[in-house]
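Notes to accompany the following structure.
A, B and C label the chains in the order they appear, each numbered from 1.
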Amino acid sequence: MDHSTANLWPLLKEVTGYIFPNEIELHWGLLVVIYPYLTGLVAGAFILASLVKVFNVREVQPTYRLSLLTALAFLIVAPLPLVAHLSRPERALEIFLTPSVTSAMAMFGFVYVWYLMAVLLLEIWFDHRHELILRAEKEKGLKRVFLRVLSLYSKDIRPAALAFDKKAVYVITVIGVPSALILHGYVGFIFGSVKANPWWSSVLMPIVFLFSATVSGIALMLFLYMVITLFRRRKLDMACLDKLANFLFYMMLIDFTLEGLDFIQRVYQAEESIKIIGQMISQRIFVSLIVIQVLLGMLLPLIAIAAVKIFRFPAELRRLIYFVSAILVQVGIFATRWNVVIGGQLFSKSFRGLTTYKIGIGGMEGLLVSLAFLVLPFIILYALVKILPPWGEDATHRRATAAN
Amino acid sequence: MKKEDKRHMIVGRRDFCKLILGGLGLLLLPTVTSFASRKRGYERWYGTKYNPKEHRYGMGINVDRCIGCGRCVDACKKENDVPDEPFFFRTWVERYNIGEKEEVIVDSPNGGEDGFKNNTQEQRILRSFFVPKLCNQCDNPPCVQTCPVGATYKTDDGVILIDEKYCIGCRYCIHACPYGMRFINPRTRTADKCTFCYHRILKGLSPACVEVCPTEARVFGDLSMVASPLRRFLRMNKIMVLKPQLNTEPKVYYAALDMEVR
Amino acid sequence: MSKIRMLWKKIPEQLRHLLVPLVIIAAGYLLVRWILVPADFGYLGHYRASSITANLQKPIRYAGAEACEGCHNEVGATLKQGYHRGVACEACHAPASAHSEDPENIKPTVTRTRTLCLLCHEYLSTRPTGFPQVVADSHNPSRPCVSCHRSHDPKPPQPLKKCEACHAKIQGLLALSNHAELNCTSCHTTPARHYTRPREYPPQRLQSRQVCLDCHDKTASRVQEISRVDGATHGEKYLCWQCHYPHLPEAR
């Protein structure tokens, strides 16, 4: 939070019950909500990409490259809200220089770097290498140099080398699937391992995070594919959309089951914290949990896509349902992250009181900066799509194989 | 895959693996060398021939003796430059009022620094008491476990300290502490908490809160000493710690702690 | 040398070209680490050892009662005899390490108004039983405490007659109850030294039911309104106060 204490005085009046005196300040705010939301999209988009390469789901091939670029765009932005929320951001590098091996947060830095470099960048590079070389040959001047740099001055486009590229992509994707699961499961572990907080402390937390990440990632790709194809004035591949929606449906079903399981377990065991958590839900996060996360973000899209599966809707109606569902899911998963991060800080560790969270508009922790972080990945994605077009693949490959 | 491609692959893969392992080895080298060069030269850092391994500091709190005057809260803030606003406390005093229907009301106005106002309806109160709280200086501290950079640590004499020049302000430790003892100091913008007045106890003084307590509700001592007021405290009282089920192994021991205290 | 070259050539070209940025990043990481990580990190544990030194060098504000007694030994001696023997000098006189460093020029302070004394002695029902408290609004409301009580030897100006000077909570509850007319000494035998050393010479509780039954037995010849029980059968083997709270028998 801001380091002036002026914004803390009004909070004193909003406290209900008893909280420990130091707990008046909520420490992880909107920025820390955005971070798991973004990494979740990364994991989800990548898993979708892996469906193409590892599980050979041909229908979603049109989204393959776009998924990788989306994952990269969001991955680049993901650590930015984290660095922004530190009260000493100038020391942020310490987390890489002297990481504590007992700290989930420190180890996550390396999981992130591994995923970024050894998985995502490598896979994108291997996938695009051939095209980059071909494009570089056609360009001149600065653009040529840029493309040569991107291809790391590699020149080998013999069939053996191209075959190696394909194999490499396959191997990296195989490594990448567990890496993506670990990436976002780890974020869940960062919360789930905090025994002091009964709302966070749960064995299921990494699993729930991971499945809700996959849900949000697939929904994002559904949304992006529709929007970008519309922008490019091309025809939408309905088989691809239907397949995406299908995956989204089954992932949501699993995610809903897991969250439901967590909830049932909590209520059944009725441990000490159940009273204050119940109060926290009913008095503080009722709308964001029951209305947005469960009803709008989960149940409504589930019912809508189920309806599509049961009844034979025409293509226009299906597109509309998919589009609205994708948006609802995004809002729902964002609300999920909100409920976990903010919800866990709204009740006191004394289990006797509730505090409140007020979002500012300006300042580092404010609404505007957060919106900027949410918009930034799309801007980066736009740049990436321009540099590494996802659409050239079919055409270039056809030309390349024809030339041989 | 054609045979020649396969041969080409195998060699590539092996050398690739060698490269990766070599690279990882290089990355881990600084960790290995730092282990090797770790010198247990306490004098260089403590400035005297003090050996922290011979000491283990703890505190006893006798709930039956606390009168809720708040002098400890006031002294701690003055001794340790804690900002005077009601959001930052290294120690505080809670008042518990348990009513005749076992309903519990807890309060801590400004941490108890200015004392407390009287209860109304006192004939409806079954029992009532004050509980001073401070950092428990756990032997299994979750805050140290979660600090990503090594800015908080346990000294060899059992005190948990914070390196305010190194803390990045990620606030993970604040969430990890089950007792709510840590806060972000608005001036240094780093984590802050009770240090058992480390700068005092190593000079033979007692922590500021213990110094000013008028009723000996707080008893500070060295757990490694066979005879001390703390030792007697541990001998003569039935001892409780806060949140024992979390296995943080606190070193602040409560006598006459009520079941309602969290 | 040529064998290495042969091996090197066998590695696919893409991987050879990938190695360059990989090596640069790894080397860069090690270089940055070597430059930026403080030299004393890791000596004593996973932290900067010089942070211990920094923590030890924090300024001391409270000198401690022992330091005060070094010069003010008569005050120390007076304190030790009286009720304030447990109260540190600086609890009332504010942090005084600056004074102990430079006694001539820096003087400690003291608040002579009632607010300071009332922090401990204002009546709060939560305070442990037996701690001396006054209800400030009715106890000489306009006068500073020090006009009757000397801080270093705070004896009450007149000898205590009633128990309520220290046991105000009990007295308050008693006043609301049917037992308001009873003296404390009707039920509690109190040694004389209880007034000066309360914890060492505590009063006694009743050890038989007889005193209670003198009023409450069905055969007792007191006013009709007093509730009656059959002393022979009521309450099995227990003493009366093991169930009933004599100071407020109606409520508790």
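Just so it is clear, a residue touches a chain if its C-beta (ideal position, glycine included) is under 8 Å from a C-beta of that chain, and two chains touch if they have at least 3 such contacts.
Small disclaimer: the values here were computed from a predicted structure and weren't measured.
Visitor: Is the C-beta contact count larger for A-B or for A-C?
Guide: Taking the two pairs in turn, the one with more contacts turns out to be A-B.
Visitor: Closest chain to the protein's overall Cα mean, using per-chain Cα means, please.
Guide: Chain closest to the assembly's C-alpha mean: B.
Visitor: Express in whole angstrom the distance between the two chain centres, defined as the mean CA positions of chain B and chain C.
Guide: Measuring from centre to centre gives 19 Å for this pair.
Visitor: Let me have the rounded angstrom distance from the C-alpha centre of chain A over to the C-alpha centre of chain B, please.
Guide: Here chain A and chain B have centroids separated by 35 Å.
Visitor: Just how far, in Å, is the C-alpha centre of chain C from the one of chain A?
Guide: 50
Visitor: Note the residues in chain C that touch 2 or more other chains, in rising order.
Guide: Within chain C, residues 12, 29, 33, 37, 41-42, 46 contact more than one other chain.
Visitor: Touching at least two other chains at once: which residues of chain B meet that condition?
Guide: 8, 12, 150-151, 166
Visitor: Of all residues in chain A, which are in touch with two or more distinct other chains?
Guide: Chain A, residues with two or more chain partners: 98, 100, 164.
Visitor: Okay, in this complex, where on chain C does chain A touch?
Guide: 12-14, 17-18, 20-21, 25, 29, 32-33, 36-37, 41-42, 46
Visitor: Over in the complex, which chain B residues touch chain C? Could you list them?
Guide: Residues in contact with chain C: 8, 11-12, 15-16, 19, 23, 26-27, 29-30, 34-35, 37-42, 44-47, 64-71, 75, 78-80, 95, 97, 100, 114-116, 118-119, 122-126, 128-130, 150-156, 161-166, 195, 198-200, 202-203, 205-206, 208, 211-216.
Visitor: Residues of chain C touching chain B in their complex?
Guide: That would be residues 7, 10-12, 15, 19, 22-23, 26, 29-30, 33-34, 37-38, 40-62, 64-65, 84, 86-88, 90-91, 94-95, 118-120, 122-128, 131, 169, 172-173, 176, 248, 251-252 of chain C.
Visitor: In the complex of these two chains, what residues of chain A are touching chain C?
Guide: Of all residues in chain A, those touching chain C are 93, 96-98, 100, 117, 122, 125-126, 129, 152-156, 161, 164-165, 168.
Visitor: Where on chain B is chain A touching in the complex?
Guide: These residues of chain B touch chain A: 1, 5, 8-9, 12, 83, 85-89, 92, 94, 104-108, 110-111, 133, 142, 144-151, 166-172, 174-184, 186, 189-190, 246, 262.
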